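Heads up, the next two complexes both have chain A, just with different partners, chain B and then chain C.
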Partner chain A sequence: MTIAAPAGLGIESLLRSMADDEFVIGFSDSEWTGIAPILEEDIAMSSLAQDELGHAAALYGLLADLTGTDADAIAYDRQPAEYRHARLLDHGRGDWAMTIARRFLYETADAVRLEALTGGSWAPLADLVGKLVREERYHRMHVDTWLSRLARAGGEATVRVRAAFETLAPDAATVFTPLPGEPALVEAGILAAPMRELEAAWRAAVAPTLRGLDLPGPARGPAAADGREGHGAAFEWLWGEFTMVRASDPGATW
Partner chain B sequence: MSEGGIHVAVARARAGMVTGSVSATTAVDAPAVVAALAEVMDPELPMVSIVDLGMVGDVAVDAAAIRVELLPTFVGCPALELIRAAVIERLARTADPGQSVEVVASFTVPWSSDRITAAGRAALATAGIAPPTEPADVRCPYCGDGRVVMDSAFGPTQCRSLFYCRACRQPFEAIKPV
Partner chain C sequence: MTREQPVAAGPAEATVPEAPVLEPWEVFRQEKEGDAMRHGGSVMAPDEVLAAHYARELYGRRQESIRLWVVRRADIVDIADADLLQPPLDRSFKKPGGYVMRDKLAAARAAAGQAKPKARPG
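Let's turn to the complex of A and B:
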């Protein structure tokens, strides 16, 4: 099926960036399946990963319908340099504190982005976004609980979660990297405001939480223009993992 | 009571099938399609039909096709393909010869746990799964007590949370309100 979209509006770069974000964080989270600190977290991280991968599949599906290709081909058949997820997601799974810090920065940024897409003028995306936001509530509940627990615990937990925020700080805002074709997306009413404005809204939204927990915030902005490129070794390893099965038998039907 | 509700729907569906087979010219109508879909159970919640789960959206029937819109409970629900296949398989038996069956997933109307019918909620509770309600209002499906605690917001499927009842000391699951 091919669906019509206003041409040249950056819709492809928007869908690709969102889908790649959800796909990469979903796969990173799924690495906790079987080895999370407690059984409930094994289940929680697996369920969160399943949500994110499901969101990615739906977004890749829209992109595939637009471009006349196949969602799996977009998800699995690119080279690492062709993925357009935010560099925030390129730091490897890391320890539990790193995972929680990354989830907090990503979920809060994704919430701002979804809000800017709510009620947008392109129905296929606006409909999907209406459904995605309903699921995000549980993601926020989960990450807010853990962030507060780690940051207030003192001792090693707090040392580790601070270190994680310091490591992520330079890339924290990269979800808001300006997209090719972005002005047209805003003009068409698909995206409510430019990424730079959304970034400012997100910085204002997370600052009180991070200050209250005495955690280092994102590096001073704005996000680098190449914040969705140059993914590095940790992503190359992850890419090798998530393409392994498909590469083992190209063209197979599952 | 809930099971009675489902059985009534199933009986109606079977009656519809019989009528269809008696006269090949009898057009299948939307209520007959819905009745047939009441026989399709959710693979992850086999005590509830997709109709009682509120997963069936628009149903359109004409001489050429039966078109059914499915509303996924969660965007990434892995059961959706199984459900779609089960719907096609079931409606192929209801469709007139020459009538095709088209099933599409849609987010135009977002599925919400409010769409679960009274019969669906009762069937869930009978199976030990608390029907969707705000976490503070969840009651134990076994003893009805409200002294429960949420162990984890995440359960064995995307749509369920884990609870424990302090009154009857029974762990149970609850459908997430979304």
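Let's turn to the complex of A and C:
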């Protein structure tokens, strides 16, 4: 099925960036399956990872319909440099504190982005966003409870979660990297505001939480213009993992 | 890392955080409107917030529940006293069926020369 969309290239870059974000954080989080702190949390984190991969599948599906290609081909058949997820997601799984810090920064940014897409003028995306928002609500509850626990626990947990925020700080705002074709998206009423404005809204939204927990915030200044490129060694390793099965028998039907 | 430790809100000696203690929580679930809440199983969690999260993940992530009740196992009043629940005397007369009357009725009918009444039509 091929569907039509206004705003030309803008909609493709938007869908690709969102899908790649969900795909990469989903795979990173799935690295906890079998080794999370306790059995219950293992199931919770694995379930969250599946949710993110489900969101990625829906977004890739929309992109595939739009471009007349196949969702699996978009997800798996690109080279690492062709992925357009935010560099925030390029720091490897890390320890539990790193995972929670990254999830907090990503989920809060994703919430601002989804809000800006809610009620947008392109129905296929607006409908999907309505569903994603409802699932992301639980994701926020999960990460909020873990973040406040780690930050307030004192001792090693607090040292580690602070270190994680310091490591992520330079890339924290990269979810809001301006997209190719972005002005057309805003003009068409698909995206409520440019990424730079959404970034400012996100910074204002997370500042009180981070200040209240005495955690380092995102680095100053707007996100780098190349914040969705130059993914580095940690992502190349992850890419090798998630393309391994498909690469073992190209063209196989599952 | 040489960062300062956060200032503890509690007493000064409480610098080493106490590890949270995991305890069992029982989870009851309702499959659809009008159904009874049925015991689903249990989760281990340090407090009610995480217990609710884990209950949601273990007993609700496949959309198999419309409502969950999460109860700290320690808050459940447990009664398993045989003197209270399984007293030694025959208490079958307390069951809704009452005493078994079949044999007594048959004997009474035989004495009175009556046949067992037929089943009512309809």
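The rule is simple: the second predicted complex is superposed on the first by the 252 of 254 C-alpha atoms of A that agree within 3 Å, B and C clash if a C-alpha of one lies under 4 Å from a C-alpha of the other, contacts with A are read in each partner's own complex, and residues count from 1 in each chain.
In the analysis below, a contact is a pair of C-beta atoms (placed from the backbone, for glycine too) under 8 Å apart; a residue touches a chain by one contact, two chains touch by 3 or more.
All values derive from a computational prediction rather than experimental measurement.
Superposition of the two complexes onto chain A shows a clash between chain B and chain C.
In the superposition on chain A, contact of A:A73 is made with neither chain B nor chain C.
When the two structures are aligned on the shared chain, A:A233 is found in touch with neither chain B nor chain C.
After overlaying the two complexes on the shared chain, residue contacts for A:T158 are found with chain C alone; chain B is out of touch. In the superposition on chain A, A:L132 makes contact with chain B only, not with chain C.
Contacts of A:L53 after superposition on the shared chain: chain B is touched, whereas chain C is not.
After overlaying the two complexes on the shared chain, residue contacts for A:D214 are found with chain C alone; chain B is out of touch.
For the superposition on chain A, the stretches of chain C under consideration are 7-15, 61-69 or 97-105; the one running into chain B is 61-69. The contact surfaces that chain B and chain C form on chain A in the two complexes overlap at residues 40, 43-44, 47, 138, 141-142. Residues 72, 74-78, 106-108, 110-112, 151-156, 158, 162, 176, 178 of chain B are the ones touching chain A in the complex. Those residues of chain A lying in contact with chain B across their complex are 40, 43-44, 46-48, 50-55, 57-58, 123, 127-128, 130-132, 134-135, 137-138, 141-142. The residues of chain C lying in touch with chain A in their complex are 1, 3, 5-6, 8, 15-17, 22, 43-45, 49-50, 53-54, 56-58, 61. Residues 38-41, 43-44, 47, 138, 141-142, 145, 151-155, 157-159, 162-163, 214 of chain A are the ones touching chain C in the complex.
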